[in-house]
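Okay, so here's the structure we're looking at.
Per-chain numbering from 1; labels A, B, C and D assigned in written order.
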Amino acid sequence: MTHEKKVIRDPIHGDIKFEGLVLDLIEAPELQRLYNIKQLGFAHLVFPGAHHTRLEHSLGTYYMALKVSEILNLKTNDKEVITCAALLHDIGHGPFSHTLEFVLKELLNVDHIDLTEKLILGKHTIFDERERNLIASESVVEILEKKCIDKKKIIDIIKGKIDKKPYLSQLLNAPIDVDQLDYIVRDAYYTGVAYGMIDIERFLQTLIIKNNNLAVRKKGIGVIENILMARTLMYSSVYFHKTVRIAEIMLSKAIEMLNKIKPFELFKMTDGELLNKLNKKGVYQYEIATRIKYRNLFKQAYLASKEDFDEEEINIIKKLENSDYRRKKEQELEELLNIPQGHVIIDVPFQELFQAEPRIFKTDIPIIDGNNVKSFDDYTPMAKAVKSRSIPDWIIMIVTDDKYREIVSKKSEKILFG
Amino acid sequence: MTHEKKVIRDPIHGDIKFEGLVLDLIEAPELQRLYNIKQLGFAHLVFPGAHHTRLEHSLGTYYMALKVSEILNLKTNDKEVITCAALLHDIGHGPFSHTLEFVLKELLNVDHIDLTEKLILGKHTIFDERERNLIASESVVEILEKKCIDKKKIIDIIKGKIDKKPYLSQLLNAPIDVDQLDYIVRDAYYTGVAYGMIDIERFLQTLIIKNNNLAVRKKGIGVIENILMARTLMYSSVYFHKTVRIAEIMLSKAIEMLNKIKPFELFKMTDGELLNKLNKKGVYQYEIATRIKYRNLFKQAYLASKEDFDEEEINIIKKLENSDYRRKKEQELEELLNIPQGHVIIDVPFQELFQAEPRIFKTDIPIIDGNNVKSFDDYTPMAKAVKSRSIPDWIIMIVTDDKYREIVSKKSEKILFG
Amino acid sequence: MTHEKKVIRDPIHGDIKFEGLVLDLIEAPELQRLYNIKQLGFAHLVFPGAHHTRLEHSLGTYYMALKVSEILNLKTNDKEVITCAALLHDIGHGPFSHTLEFVLKELLNVDHIDLTEKLILGKHTIFDERERNLIASESVVEILEKKCIDKKKIIDIIKGKIDKKPYLSQLLNAPIDVDQLDYIVRDAYYTGVAYGMIDIERFLQTLIIKNNNLAVRKKGIGVIENILMARTLMYSSVYFHKTVRIAEIMLSKAIEMLNKIKPFELFKMTDGELLNKLNKKGVYQYEIATRIKYRNLFKQAYLASKEDFDEEEINIIKKLENSDYRRKKEQELEELLNIPQGHVIIDVPFQELFQAEPRIFKTDIPIIDGNNVKSFDDYTPMAKAVKSRSIPDWIIMIVTDDKYREIVSKKSEKILFG
Amino acid sequence: MTHEKKVIRDPIHGDIKFEGLVLDLIEAPELQRLYNIKQLGFAHLVFPGAHHTRLEHSLGTYYMALKVSEILNLKTNDKEVITCAALLHDIGHGPFSHTLEFVLKELLNVDHIDLTEKLILGKHTIFDERERNLIASESVVEILEKKCIDKKKIIDIIKGKIDKKPYLSQLLNAPIDVDQLDYIVRDAYYTGVAYGMIDIERFLQTLIIKNNNLAVRKKGIGVIENILMARTLMYSSVYFHKTVRIAEIMLSKAIEMLNKIKPFELFKMTDGELLNKLNKKGVYQYEIATRIKYRNLFKQAYLASKEDFDEEEINIIKKLENSDYRRKKEQELEELLNIPQGHVIIDVPFQELFQAEPRIFKTDIPIIDGNNVKSFDDYTPMAKAVKSRSIPDWIIMIVTDDKYREIVSKKSEKILFG
């Protein structure tokens, strides 16, 4: 492997240069597979420009990590691991990114971070035996070992647990980090939603390491407010857009209703492979895959937000967060209303939001003002506001085929809440 | 079908409103299928942001047609057919858009315009019988007939042959037309290549109908130069980028080497369906699909441009434009150099460029200066320059597996040109 | 005056068309004078791109008003007055826009709205008698009268008091209005600060008239949050940037120290005319004008924010809001520290912020959710946060010449707070 | 002078950092004065956003020089002089930039480059004696001498004559150089004209030094075509826009008709100072300044392009390039048609274009292809086309007050061409 260097044109960050280790890594099958996995699951069904993939996001996160490393004057060695970690942090993503993560976590107790770890350690491969011979590049684990890179450290950074130099994992796991800097702007660009136009450059200029922790200079308060606000709005208007969500829970239901799944088999598929596989896995799965192909989605039959309920009802909704209970209720609705199985889906999104983006309720960024360190929360009322603002608009939604919409709409509240 | 209206956010043109007829059409299966077909085939292998699809381009072309209709004050009826034609002009595209068009034209003698016609007339369907029941929306032909739209006229506009009001088909078929206005800017946006930043607004302001033909006011000369230049640069740096081209001819070869193809079966597939189908169609097809999945492409072993040849050699290259002859030569190379079948591909791109974009060598735009009508060619030396500039950089390229690169590189010139 | 139409290219909104009445108005001397008055006073001393003028902002506000009129389907007559009002709303601005408004209000008890009114009614003219003959166009009042436009109604809209159709003045005077839509984006564009990239298009789509009041549909909550946040950040990082502020209070001090001012004489000057006039009005005025020319500004010697003070001290600061008292204190400092007159300036900015933008603490936008009307404040914690967030960063700042900086820095707190 | 560093936000290039020598230089009075001199003279009369100044352009040119220095790995010393030269290259510009250069060259035989040289050598000062004491910063010559910078070398680079390392002056004086890279994009941004959206990043990546000369790698041909085209279009649609030109020749005429001018006195004024001075210099000068203030411009009475003339007439036009002859003809027209002096102006723009931008007809950029060096002209027909394309649209224009327009329009051709 004697590449010289490669310049890739990214619509977000402009020309990005790759050479040596990172050039080898982007040619590895684990990275190349990511250009077959959409960054935003089914967002393109609502925002038709949103076809961008995990590959671009991985390149962009790498670039952000590189920029920060330069600004913070990190040592060569630290720079190497943090940029590798940024580049690799999403290689464990299954088809349609976060879409299926909740159902898979529940069924198989794995998520994309576990799989990223396994791939980096070489405990799994992303490709079949038969494919192996047709892949020219070495795999990620082979490259890392040949170059003697500390795989354990990369995983620790990705998982957010590094003791000695906490700022290294904070770069990739903090209320604002390089991962978010890339995805907010990138998702805004491809969806065409202006909310995400944050000022990355200004933010980077305010970063500083203080007592081995990543912190922000006081003048950076405005840009933090801007970024947190942008992220919040992207969540409520794009990531948890109602129609996008409907497509996601339809696919999740199709997976849930499969007889048996080998976890890693499913995770290693690309978007296209999953849809094709589903076509052959049962009548319901075929229906869902075809509906998605032609964008014939279920419709919202019932939707309510927090303010619509009293405490007792909220408790019922909390119970619905348990999948078994929720499924029981879905079947109850289907049976009572004479609807075929899998055609009533109850969405109780809170936990899923939290799993997809645990950072969303965190704003405790250390702010450096002269010699003092205080929290961002102490400086501006925006901190609290961001944390207490509700995303998404509903705490419960019931969706069904257009033809059962009216009946579900009329009866479901009664059935669920008595 | 009692839709009210729908606003779609397009990163290029901003909010686009749809209602009535066009809203019904964008929900038809023929249109929805297009979001599974990449606008630029394999350009994303070089420009990682280029995952946009024929659907966005169709919406954008519709919007351009609508804007022009308003600026030119077209009659309601004409406005209706031209905007429908713009929206539907690409529904016949097969997987990966233009990628396979050349080989399919040769093997089956159909192209995407023939298929667009058949779909509009209802002589073919884009979906299987089994899929039919899972599609809620009516098909394009059903919608057009219900609304009593003149299908013939739409097809004539798309094909560029309208006698009475030639400007109607010129809006979609001219040296600069609404199709190009959309694709130049859109492709520039998603690839991140700045060349395509043309001034659509200024161009539209200069349009005028003169003697039933579409023309441009004299003050529009600069913006025409700008657009023609942008288009030329997009062709040489993006559409005919060498690496993109290599992926395209690899897939074409895989199709060519199939035993038999039912033309429409192949054409109606999505990108993902085609790659999945190939996986099961033979060892070579599996190899190509897997190589594309992991971006393990053939490499350039030989490449030459016009200036490198004398007249006799140019004649040999011209002969290579004949597919049978070219295939014979490919086999000859494979046999002489002991390379397995399908692993040497000769690319002689000129005819294909011409088929993909016949407008590229046309600049005869009527310019209105007071009462005079002259051609754009008379006003500026840029016209001639655009037409005589060579695209792509090579007139012949030979590609092969990395491991045969050296031998092909050494021997092929001798074998081909004696 | 028989103009046909004119298309002006605006970097923010693209091509803007003018014809008839509004075309006549933009050629009137009152409007043309505005291209000599910087939109953001001295912001260009910190943000070197910020040389844009009140003229562009006036054109942009007109365009926003036109767009809203179309979206809300206003009657021709209402459309005419609201667009005229938007175009004319800033013609009374004096040199450097808001910069001198506070001192002039205090000295002369007039502000730019009073003068706008006088100009529209023809009670003042913006030009000298001698200039009159060299101006080809009619004045605003002549044009309005010739076209029989209701001047009173225009003034009422500008002043925010219309009884019958309150939505008309709300379009130009509300927590979010067409004036702000233009200036937030425009100021962001010219300063290069990304904060202001709000989604105008999306906001406009959510507007509605309800019970004769301007309201926003529920789906517009996110975009309102986005705009309010953007405005807040523009205030703290641009409009009340410390260095910009220093230049502004230097010029204000030069005006304050003039022997006598004829109010309207000063107001009708352009930026350049004012600086030239100052050059001849006294030694101190010459000094200030020259310092501004070469950007040799006073420096911050003392600065403190709310949290730095106890209640008693806050009361002292409140007393400083009274100009006479403040001037007395400035002189006291100058005398005690042996500094020449006019070289110590105390800034207590709160009232001035409030005068410059009274809308900044208002967020009570009516939100329409089905048949309910609630306030924006009820929907999101961002409302309260925006109102309680402090702008600017200081409640008191003392500036002086670089050479007195140390001494002022050391002594002033003691002198002021005892 | 112990500045640390300063980050300036530029809307074009983002954050630009300054420290040490260049930070001192930007605070020098010669640089600060430039924010009072509009980059594009009177372009804002047509493109209302175009109020940007020579200061921003100087900062941007510095930044481009810095980027190139890094890409080409220049030595510290060379980097220092080239970036200083870029920063200082325009300090000699008089009011309204190029606007008056032609008339001043003619009357006084100096241009902005001569004055730049004098300022760098300390042979002139930009400020008055009285101003001196109010300027805190050292002047350019003081800074350069204190830091022991080779002033002669900086001047040689600015003037384009360096023998040993020709690439140094080529960076600032070549068919494409850092000066143009900045102004094309900057002028496009502020005028809102999309033509100038060139791909700076891509261009910079293709630069290389070959035999001590600046050259471009072969893959850069497309981006060169793009830049040359953009420049050409900016010239014909912005810099030589007819209305902009009319304002420019009006001001030039007012200068020309002054009794006597002290060259450097005029050159060192700012835009505002010149207009104010003119107000007091005579009736005609007052008229012109007032007309410009209120945008009451002369109107085009006669305009013709090359193709409208035979050879003999072309010779007459060539004679008009001589100012004395042209003035004689203007007076002849005024007398014959009974028009007051200074109210008929003949524009024969060719020489002026050439003086303003001598690079416009140069395209001989060395292209590196492997070991070969050929000229850009050999690679693409666009080179010749750019050189032969006419700018501006007219070779002769006559302008006058609106009230004499008709008579001048009718009679002038006869009077001039007999």
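Note that in this section a contact is a pair of C-beta atoms (placed from the backbone, for glycine too) under 8 Å apart; a residue touches a chain by one contact, two chains touch by 3 or more.
Quick caveat: nothing in here was measured; it's all calculated off a predicted structure.
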item	value
Contacts common to chain A and chain B (chain labels)	C, D
Interface composition of copies chain B and chain C: same or different, split at half	same
Distance from the mean Cα position of chain D to that of chain C, given in whole angstrom	33
Whole-Å separation of chain centres (CA-atom averages), chain A against chain D	51
Euclidean distance of C-alpha centroids - chain B vs chain D, Å	43
Sequence positions of chain A contacting 2 or more other chains	9, 14, 193, 202
Residues of chain A defined as touching chain C within the complex	193-195, 197-199, 202, 222, 225-226, 229, 232-233, 236-237, 380-382, 384-386, 388-389
Chain D residues touching chain A - in the complex, by the definition given at the top	7, 9, 14-15, 201-202, 205
Chain B contact footprint on chain A (complex, rising order)	8-12, 14, 27, 29, 32-33, 35-36, 44-45, 47-49, 51-53, 55-56, 59, 127, 130-131, 134-137, 189-193, 270-273, 275-276, 286-287, 290-291, 293-296, 402
